[in-house]
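Chains: A, B, C, D, E and F, in written order; residue numbering restarts at 1 for each.
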Amino acid sequence: METSIRNHLKGKVKGIVLGEVVSEVEIDTPAGVVASVITTRSVKRLNLKAGDDVHAVIKATAVSVEKP
Amino acid sequence: METSIRNHLKGKVKGIVLGEVVSEVEIDTPAGVVASVITTRSVKRLNLKAGDDVHAVIKATAVSVEKP
Amino acid sequence: METSIRNHLKGKVKGIVLGEVVSEVEIDTPAGVVASVITTRSVKRLNLKAGDDVHAVIKATAVSVEKP
Amino acid sequence: METSIRNHLKGKVKGIVLGEVVSEVEIDTPAGVVASVITTRSVKRLNLKAGDDVHAVIKATAVSVEKP
Amino acid sequence: METSIRNHLKGKVKGIVLGEVVSEVEIDTPAGVVASVITTRSVKRLNLKAGDDVHAVIKATAVSVEKP
Amino acid sequence: METSIRNHLKGKVKGIVLGEVVSEVEIDTPAGVVASVITTRSVKRLNLKAGDDVHAVIKATAVSVEKP
(Lines give C-alpha, C1' and ligand atoms only; values in the text may rest on other atoms or scores of the structure.)
Protein backbone atom coordinates (compact mmCIF):
# COMPACT_ATOMS: atom_id res chain seq x y z
CA MET A 1 0.00 0.00 0.00
CA GLU A 2 1.29 3.40 -0.95
CA THR A 3 -0.40 6.44 0.54
CA SER A 4 -0.84 10.05 -0.49
CA ILE A 5 -0.28 11.09 3.14
CA ARG A 6 2.95 13.04 3.22
CA ASN A 7 4.08 12.92 6.83
CA HIS A 8 5.18 9.78 8.67
CA LEU A 9 7.32 10.53 11.74
CA LYS A 10 9.12 7.60 13.32
CA GLY A 11 8.87 7.27 17.07
CA LYS A 12 8.05 5.18 20.11
CA VAL A 13 4.84 5.25 22.15
CA LYS A 14 5.60 7.18 25.35
CA GLY A 15 2.22 6.91 27.00
CA ILE A 16 -1.48 6.38 26.40
CA VAL A 17 -4.47 7.94 28.17
CA LEU A 18 -7.44 5.67 27.48
CA GLY A 19 -10.89 7.22 27.21
CA GLU A 20 -14.24 5.60 26.47
CA VAL A 21 -14.35 6.76 22.87
CA VAL A 22 -11.03 8.46 22.07
CA SER A 23 -7.58 8.10 23.56
CA GLU A 24 -4.46 10.24 23.63
CA VAL A 25 -1.27 8.61 22.38
CA GLU A 26 2.01 10.41 22.98
CA ILE A 27 4.84 9.46 20.65
CA ASP A 28 8.51 10.21 21.30
CA THR A 29 10.10 11.33 18.03
CA PRO A 30 13.48 12.91 17.24
CA ALA A 31 11.53 16.19 16.87
CA GLY A 32 10.01 15.93 20.37
CA VAL A 33 6.82 14.39 21.71
CA VAL A 34 3.92 14.26 19.25
CA ALA A 35 0.40 13.96 20.71
CA SER A 36 -2.31 12.13 18.82
CA VAL A 37 -6.02 11.63 19.47
CA ILE A 38 -7.39 8.43 17.94
CA THR A 39 -10.36 6.21 18.70
CA THR A 40 -9.97 3.81 21.59
CA ARG A 41 -11.06 1.07 19.20
CA SER A 42 -7.94 1.76 17.15
CA VAL A 43 -5.74 1.65 20.24
CA LYS A 44 -7.16 -1.80 20.96
CA ARG A 45 -7.14 -3.06 17.37
CA LEU A 46 -3.45 -2.07 17.01
CA ASN A 47 -2.79 -3.32 20.56
CA LEU A 48 -0.83 -0.11 21.19
CA LYS A 49 1.23 0.11 24.36
CA ALA A 50 4.14 2.14 25.74
CA GLY A 51 7.41 1.30 24.02
CA ASP A 52 5.89 0.28 20.68
CA ASP A 53 7.64 1.45 17.53
CA VAL A 54 5.14 3.54 15.57
CA HIS A 55 4.80 6.39 13.11
CA ALA A 56 2.85 9.59 13.68
CA VAL A 57 0.93 10.11 10.42
CA ILE A 58 -0.28 13.55 9.33
CA LYS A 59 -1.94 14.87 6.14
CA ALA A 60 -0.10 17.95 4.82
CA THR A 61 -3.30 20.04 4.78
CA ALA A 62 -3.44 19.69 8.59
CA VAL A 63 0.02 21.21 9.15
CA SER A 64 0.43 24.94 9.86
CA VAL A 65 3.63 26.99 10.10
CA GLU A 66 4.81 29.34 12.84
CA LYS A 67 7.70 31.78 12.63
CA PRO A 68 9.39 33.16 15.75
CA MET B 1 -0.28 33.80 23.70
CA GLU B 2 -0.63 30.22 24.88
CA THR B 3 -2.28 27.73 22.58
CA SER B 4 -4.19 24.49 23.04
CA ILE B 5 -2.41 23.08 19.97
CA ARG B 6 -0.22 20.26 21.21
CA ASN B 7 2.37 19.77 18.48
CA HIS B 8 5.06 22.31 17.55
CA LEU B 9 8.02 20.74 15.72
CA LYS B 10 11.12 22.88 15.31
CA GLY B 11 12.67 23.01 11.88
CA LYS B 12 13.94 25.03 8.96
CA VAL B 13 12.12 25.76 5.69
CA LYS B 14 13.61 23.47 3.06
CA GLY B 15 11.59 24.62 0.09
CA ILE B 16 8.33 26.25 -0.99
CA VAL B 17 6.15 25.54 -4.01
CA LEU B 18 4.00 28.63 -4.54
CA GLY B 19 0.51 28.21 -5.97
CA GLU B 20 -2.16 30.80 -6.67
CA VAL B 21 -4.20 29.97 -3.60
CA VAL B 22 -2.26 27.44 -1.54
CA SER B 23 1.43 26.65 -1.30
CA GLU B 24 3.44 23.68 -0.12
CA VAL B 25 6.06 24.37 2.53
CA GLU B 26 8.57 21.64 3.34
CA ILE B 27 10.20 21.86 6.74
CA ASP B 28 13.36 20.01 7.74
CA THR B 29 12.93 18.70 11.28
CA PRO B 30 14.95 16.24 13.38
CA ALA B 31 12.17 13.72 12.58
CA GLY B 32 12.52 14.20 8.81
CA VAL B 33 10.88 16.50 6.32
CA VAL B 34 7.37 17.66 7.23
CA ALA B 35 5.14 18.88 4.38
CA SER B 36 2.55 21.59 4.99
CA VAL B 37 -0.15 23.10 2.80
CA ILE B 38 -1.02 26.68 3.79
CA THR B 39 -2.52 29.62 1.95
CA THR B 40 -0.19 31.59 -0.29
CA ARG B 41 -1.37 34.68 1.56
CA SER B 42 0.14 33.26 4.75
CA VAL B 43 3.41 32.47 2.95
CA LYS B 44 3.57 36.14 1.95
CA ARG B 45 2.35 37.58 5.25
CA LEU B 46 5.02 35.57 7.14
CA ASN B 47 7.53 36.30 4.37
CA LEU B 48 8.50 32.61 4.42
CA LYS B 49 11.59 31.57 2.50
CA ALA B 50 14.05 28.69 2.40
CA GLY B 51 16.30 28.63 5.46
CA ASP B 52 13.83 30.30 7.85
CA ASP B 53 13.57 28.88 11.35
CA VAL B 54 9.96 27.77 11.83
CA HIS B 55 7.73 25.34 13.66
CA ALA B 56 5.38 22.83 12.07
CA VAL B 57 2.17 23.13 14.08
CA ILE B 58 -0.39 20.30 14.26
CA LYS B 59 -3.60 19.77 16.29
CA ALA B 60 -3.55 16.39 18.05
CA THR B 61 -6.89 15.34 16.52
CA ALA B 62 -5.20 15.46 13.09
CA VAL B 63 -2.49 12.93 14.01
CA SER B 64 -2.94 9.22 13.30
CA VAL B 65 -0.75 6.29 14.36
CA GLU B 66 0.76 3.50 12.27
CA LYS B 67 2.39 0.33 13.58
CA PRO B 68 4.78 -1.72 11.45
CA MET C 1 5.45 34.15 17.03
CA GLU C 2 3.57 34.68 13.80
CA THR C 3 1.37 31.90 12.52
CA SER C 4 0.09 30.80 9.13
CA ILE C 5 -3.28 30.02 10.70
CA ARG C 6 -5.75 32.47 9.22
CA ASN C 7 -8.66 32.52 11.64
CA HIS C 8 -8.51 33.86 15.21
CA LEU C 9 -11.94 34.78 16.59
CA LYS C 10 -12.00 36.79 19.80
CA GLY C 11 -14.34 35.59 22.51
CA LYS C 12 -14.91 34.53 26.10
CA VAL C 13 -15.15 30.98 27.44
CA LYS C 14 -18.83 30.29 28.03
CA GLY C 15 -18.53 26.79 29.41
CA ILE C 16 -16.37 23.68 29.49
CA VAL C 17 -17.40 20.01 29.55
CA LEU C 18 -14.40 18.07 30.85
CA GLY C 19 -13.81 14.54 29.58
CA GLU C 20 -11.03 12.10 30.41
CA VAL C 21 -9.15 12.71 27.17
CA VAL C 22 -10.88 15.53 25.30
CA SER C 23 -13.05 18.39 26.48
CA GLU C 24 -15.56 20.66 24.83
CA VAL C 25 -14.95 24.39 25.18
CA GLU C 26 -17.72 26.78 24.15
CA ILE C 27 -16.60 30.29 23.27
CA ASP C 28 -18.93 33.30 23.06
CA THR C 29 -17.92 35.37 20.04
CA PRO C 30 -19.60 38.28 18.25
CA ALA C 31 -20.55 35.70 15.58
CA GLY C 32 -22.25 33.40 18.09
CA VAL C 33 -21.06 30.49 20.20
CA VAL C 34 -18.13 28.54 18.75
CA ALA C 35 -17.63 24.97 20.00
CA SER C 36 -14.15 23.49 20.21
CA VAL C 37 -12.88 20.02 21.08
CA ILE C 38 -9.36 20.04 22.55
CA THR C 39 -7.42 17.69 24.79
CA THR C 40 -8.17 17.89 28.48
CA ARG C 41 -4.44 18.29 29.02
CA SER C 42 -4.61 21.56 27.08
CA VAL C 43 -7.57 22.74 29.14
CA LYS C 44 -5.47 22.17 32.26
CA ARG C 45 -2.20 23.54 30.85
CA LEU C 46 -3.97 26.76 29.79
CA ASN C 47 -5.96 26.72 33.03
CA LEU C 48 -9.09 27.48 30.98
CA LYS C 49 -12.24 28.42 32.86
CA ALA C 50 -15.54 30.17 32.16
CA GLY C 51 -15.10 33.89 31.60
CA ASP C 52 -11.54 33.70 30.22
CA ASP C 53 -10.71 35.90 27.24
CA VAL C 54 -9.62 33.56 24.43
CA HIS C 55 -9.45 33.18 20.68
CA ALA C 56 -11.01 30.37 18.67
CA VAL C 57 -8.30 29.37 16.19
CA ILE C 58 -9.11 27.62 12.89
CA LYS C 59 -6.99 26.66 9.84
CA ALA C 60 -8.62 27.88 6.61
CA THR C 61 -8.61 24.38 5.07
CA ALA C 62 -11.02 23.30 7.83
CA VAL C 63 -13.66 25.92 6.98
CA SER C 64 -16.55 25.10 4.61
CA VAL C 65 -19.17 27.43 3.15
CA GLU C 66 -22.96 27.12 3.13
CA LYS C 67 -25.38 29.20 1.09
CA PRO C 68 -29.04 29.51 2.05
CA MET D 1 -31.31 18.18 6.98
CA GLU D 2 -29.87 18.51 10.44
CA THR D 3 -26.12 18.28 10.85
CA SER D 4 -23.77 17.28 13.65
CA ILE D 5 -21.46 20.15 12.68
CA ARG D 6 -21.49 22.58 15.57
CA ASN D 7 -20.28 25.86 14.11
CA HIS D 8 -22.18 27.93 11.53
CA LEU D 9 -21.09 31.58 11.45
CA LYS D 10 -23.28 33.97 9.51
CA GLY D 11 -21.52 36.33 7.13
CA LYS D 12 -21.18 37.78 3.67
CA VAL D 13 -18.63 36.81 1.01
CA LYS D 14 -15.98 39.55 0.99
CA GLY D 15 -13.80 38.21 -1.78
CA ILE D 16 -12.76 35.07 -3.66
CA VAL D 17 -9.36 34.09 -5.04
CA LEU D 18 -10.01 31.43 -7.67
CA GLY D 19 -7.39 28.71 -8.22
CA GLU D 20 -7.42 25.75 -10.59
CA VAL D 21 -8.32 23.23 -7.90
CA VAL D 22 -8.99 25.12 -4.67
CA SER D 23 -10.11 28.68 -4.01
CA GLU D 24 -9.94 30.99 -1.03
CA VAL D 25 -13.22 32.50 0.13
CA GLU D 26 -13.13 35.31 2.67
CA ILE D 27 -16.29 35.80 4.70
CA ASP D 28 -17.11 38.92 6.69
CA THR D 29 -18.65 37.88 9.99
CA PRO D 30 -19.44 39.82 13.18
CA ALA D 31 -16.31 38.16 14.63
CA GLY D 32 -14.07 39.41 11.81
CA VAL D 33 -13.05 37.98 8.47
CA VAL D 34 -13.03 34.18 8.24
CA ALA D 35 -10.90 32.59 5.51
CA SER D 36 -11.94 29.31 3.92
CA VAL D 37 -10.26 27.02 1.40
CA ILE D 38 -12.75 24.99 -0.64
CA THR D 39 -12.64 23.34 -4.05
CA THR D 40 -13.14 25.58 -7.05
CA ARG D 41 -15.85 23.15 -8.15
CA SER D 42 -17.80 24.03 -5.02
CA VAL D 43 -17.34 27.76 -5.68
CA LYS D 44 -18.89 27.19 -9.11
CA ARG D 45 -21.60 24.78 -8.01
CA LEU D 46 -22.75 27.24 -5.32
CA ASN D 47 -22.21 30.13 -7.73
CA LEU D 48 -20.43 32.01 -4.93
CA LYS D 49 -19.65 35.67 -5.46
CA ALA D 50 -18.80 38.72 -3.39
CA GLY D 51 -21.78 39.97 -1.39
CA ASP D 52 -23.50 36.58 -1.04
CA ASP D 53 -25.02 35.74 2.32
CA VAL D 54 -23.30 32.56 3.54
CA HIS D 55 -22.27 30.64 6.63
CA ALA D 56 -18.75 29.60 7.53
CA VAL D 57 -19.10 26.00 8.69
CA ILE D 58 -16.56 24.36 11.02
CA LYS D 59 -16.44 20.97 12.80
CA ALA D 60 -15.68 21.43 16.52
CA THR D 61 -12.68 19.05 16.37
CA ALA D 62 -10.97 21.53 14.01
CA VAL D 63 -11.17 24.45 16.47
CA SER D 64 -8.28 25.23 18.82
CA VAL D 65 -8.13 27.74 21.66
CA GLU D 66 -5.58 30.47 22.39
CA LYS D 67 -5.23 32.46 25.60
CA PRO D 68 -3.44 35.82 25.70
CA MET E 1 -29.03 25.27 2.21
CA GLU E 2 -26.35 24.29 -0.24
CA THR E 3 -22.93 23.35 1.07
CA SER E 4 -19.40 23.43 -0.30
CA ILE E 5 -18.74 20.06 1.38
CA ARG E 6 -18.20 17.56 -1.39
CA ASN E 7 -18.81 14.19 0.21
CA HIS E 8 -22.18 12.97 1.53
CA LEU E 9 -22.38 9.17 1.81
CA LYS E 10 -25.82 7.68 2.40
CA GLY E 11 -26.10 5.10 5.14
CA LYS E 12 -27.79 3.85 8.27
CA VAL E 13 -26.52 4.20 11.84
CA LYS E 14 -25.11 0.81 12.84
CA GLY E 15 -24.09 1.66 16.38
CA ILE E 16 -23.12 4.47 18.75
CA VAL E 17 -20.58 4.49 21.57
CA LEU E 18 -21.52 7.39 23.83
CA GLY E 19 -18.74 9.24 25.66
CA GLU E 20 -18.93 12.23 27.97
CA VAL E 21 -17.74 14.71 25.36
CA VAL E 22 -17.43 12.88 22.04
CA SER E 23 -19.13 9.78 20.70
CA GLU E 24 -18.36 7.31 17.95
CA VAL E 25 -21.07 6.77 15.36
CA GLU E 26 -20.69 3.88 12.93
CA ILE E 27 -22.60 4.21 9.68
CA ASP E 28 -23.35 1.32 7.31
CA THR E 29 -22.85 2.54 3.74
CA PRO E 30 -22.68 0.71 0.41
CA ALA E 31 -18.89 1.27 0.64
CA GLY E 32 -18.63 -0.39 4.06
CA VAL E 33 -18.84 0.90 7.61
CA VAL E 34 -17.79 4.53 8.08
CA ALA E 35 -16.73 5.60 11.58
CA SER E 36 -17.35 9.15 12.77
CA VAL E 37 -16.38 11.00 15.93
CA ILE E 38 -18.78 13.83 16.79
CA THR E 39 -19.70 15.63 20.00
CA THR E 40 -22.13 13.84 22.29
CA ARG E 41 -24.18 17.03 22.26
CA SER E 42 -24.70 16.55 18.52
CA VAL E 43 -25.71 12.92 19.04
CA LYS E 44 -28.38 14.15 21.45
CA ARG E 45 -29.46 17.19 19.44
CA LEU E 46 -29.96 14.99 16.35
CA ASN E 47 -31.45 12.25 18.54
CA LEU E 48 -29.25 9.74 16.68
CA LYS E 49 -29.93 6.06 17.26
CA ALA E 50 -29.20 2.74 15.56
CA GLY E 51 -31.20 2.32 12.35
CA ASP E 52 -31.48 6.03 11.52
CA ASP E 53 -31.02 7.04 7.90
CA VAL E 54 -28.08 9.45 7.80
CA HIS E 55 -25.26 10.76 5.65
CA ALA E 56 -21.56 10.63 6.49
CA VAL E 57 -20.28 14.09 5.57
CA ILE E 58 -16.60 14.73 4.74
CA LYS E 59 -14.70 17.79 3.45
CA ALA E 60 -12.52 16.87 0.44
CA THR E 61 -9.35 18.24 2.07
CA ALA E 62 -9.72 15.54 4.75
CA VAL E 63 -9.66 12.64 2.26
CA SER E 64 -6.39 10.87 1.40
CA VAL E 65 -5.75 8.23 -1.26
CA GLU E 66 -4.09 4.81 -0.96
CA LYS E 67 -2.96 2.60 -3.82
CA PRO E 68 -2.39 -1.14 -3.34
CA MET F 1 1.76 -1.56 8.51
CA GLU F 2 -1.42 -1.29 10.50
CA THR F 3 -3.04 2.12 10.85
CA SER F 4 -5.30 3.78 13.39
CA ILE F 5 -7.22 5.40 10.53
CA ARG F 6 -10.69 3.92 10.59
CA ASN F 7 -12.09 4.56 7.13
CA HIS F 8 -10.77 2.98 3.91
CA LEU F 9 -13.32 3.03 1.07
CA LYS F 10 -12.54 0.90 -1.98
CA GLY F 11 -12.94 2.56 -5.34
CA LYS F 12 -11.53 3.46 -8.71
CA VAL F 13 -10.06 6.82 -9.76
CA LYS F 14 -12.71 8.53 -11.89
CA GLY F 15 -10.80 11.68 -12.74
CA ILE F 16 -8.01 13.99 -11.62
CA VAL F 17 -7.76 17.79 -11.86
CA LEU F 18 -4.07 18.64 -11.56
CA GLY F 19 -3.06 21.92 -9.92
CA GLU F 20 0.37 23.35 -9.21
CA VAL F 21 0.33 22.45 -5.54
CA VAL F 22 -2.81 20.42 -4.84
CA SER F 23 -4.96 18.25 -7.06
CA GLU F 24 -8.50 16.96 -6.88
CA VAL F 25 -8.95 13.21 -7.19
CA GLU F 26 -12.44 11.82 -7.67
CA ILE F 27 -12.94 8.23 -6.63
CA ASP F 28 -15.89 6.06 -7.70
CA THR F 29 -17.01 4.01 -4.70
CA PRO F 30 -20.09 1.87 -4.08
CA ALA F 31 -21.33 4.79 -1.94
CA GLY F 32 -20.96 7.31 -4.77
CA VAL F 33 -18.14 9.56 -5.90
CA VAL F 34 -15.73 10.66 -3.17
CA ALA F 35 -13.68 13.82 -3.80
CA SER F 36 -10.21 14.17 -2.34
CA VAL F 37 -7.71 17.05 -2.29
CA ILE F 38 -4.11 15.86 -2.04
CA THR F 39 -0.76 17.36 -3.00
CA THR F 40 0.20 17.14 -6.65
CA ARG F 41 3.47 15.60 -5.49
CA SER F 42 1.50 12.68 -4.07
CA VAL F 43 -0.45 12.29 -7.31
CA LYS F 44 2.89 11.97 -9.10
CA ARG F 45 4.62 9.83 -6.49
CA LEU F 46 1.70 7.34 -6.58
CA ASN F 47 1.46 7.75 -10.35
CA LEU F 48 -2.32 8.10 -9.97
CA LYS F 49 -4.43 7.98 -13.11
CA ALA F 50 -8.04 7.38 -14.09
CA GLY F 51 -9.03 3.74 -13.65
CA ASP F 52 -6.59 2.96 -10.83
CA ASP F 53 -7.87 0.84 -7.96
CA VAL F 54 -7.50 2.93 -4.80
CA HIS F 55 -8.92 3.54 -1.35
CA ALA F 56 -10.29 6.81 -0.05
CA VAL F 57 -8.82 7.12 3.45
CA ILE F 58 -10.45 9.26 6.15
CA LYS F 59 -9.73 9.78 9.89
CA ALA F 60 -12.91 9.33 11.94
CA THR F 61 -12.55 12.77 13.59
CA ALA F 62 -13.04 14.32 10.12
CA VAL F 63 -16.43 12.67 9.53
CA SER F 64 -19.67 14.48 10.42
CA VAL F 65 -23.23 13.15 10.38
CA GLU F 66 -26.35 14.57 8.73
CA LYS F 67 -29.91 13.46 9.33
CA PRO F 68 -32.70 14.18 6.82
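We adopt the following convention: a contact is a pair of C-beta atoms (placed from the backbone, for glycine too) under 8 Å apart; a residue touches a chain by one contact, two chains touch by 3 or more.
Since we're looking at a predicted model, the values are computed, not measured.
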Notebook entry, point to check: What is the set of chains touching both subunit A and subunit E?
Noted result: C, F
Checklist line | Equivalent of A-E within the choices B-D, B-C or C-D, defined by over half of its residue contact pairs recurring | finding: B-D
Next item on the list: Would you kindly state whether over half or under half of the residue numbers at the subunit B/subunit C interface are used by both copies, giving same or different?
Entry: same
Item checked: subunit A and subunit D: spacing of chain centres that average the CA atoms, whole Å -> 29
Next item on the list: Compute the distance, rounded to whole Å, between the mean C-alpha positions of subunit D and subunit E.
Entry: 21
Check: Taking each chain's centre as its mean C-alpha position, how far apart are subunit E and subunit F in Å?
Finding: 17
Next item on the list: Name the residues of subunit A that each touch 2 or more other chains.
Entry: 1-6, 19-20, 22, 24, 35-39, 41-42, 46, 57, 59-62, 64-68
Next item on the list: If two chains touch, include that pair; go through all of them.
Entry: A-B, A-C, A-E, A-F, B-C, B-D, B-F, C-D, C-E, D-E, D-F, E-F
Check: Which residues of subunit B touch subunit F in their complex?
Finding: 17-20, 22-24, 35, 37, 61-62, 64-68
Margin query: Could you list, by residue number, the parts of subunit A that touch subunit E in their complex?
Written below: 1-5, 19-22, 39, 41, 59, 61
Margin query: Which stretch or stretches of subunit D touch subunit C in the complex?
Written below: 6-11, 24-25, 27, 29-32, 34-38, 42, 46, 48, 52-68
Next item on the list: Within their complex, state which residues of subunit B touch subunit C.
Entry: 1-6, 22, 36-39, 41-43, 45-46, 57, 60-61
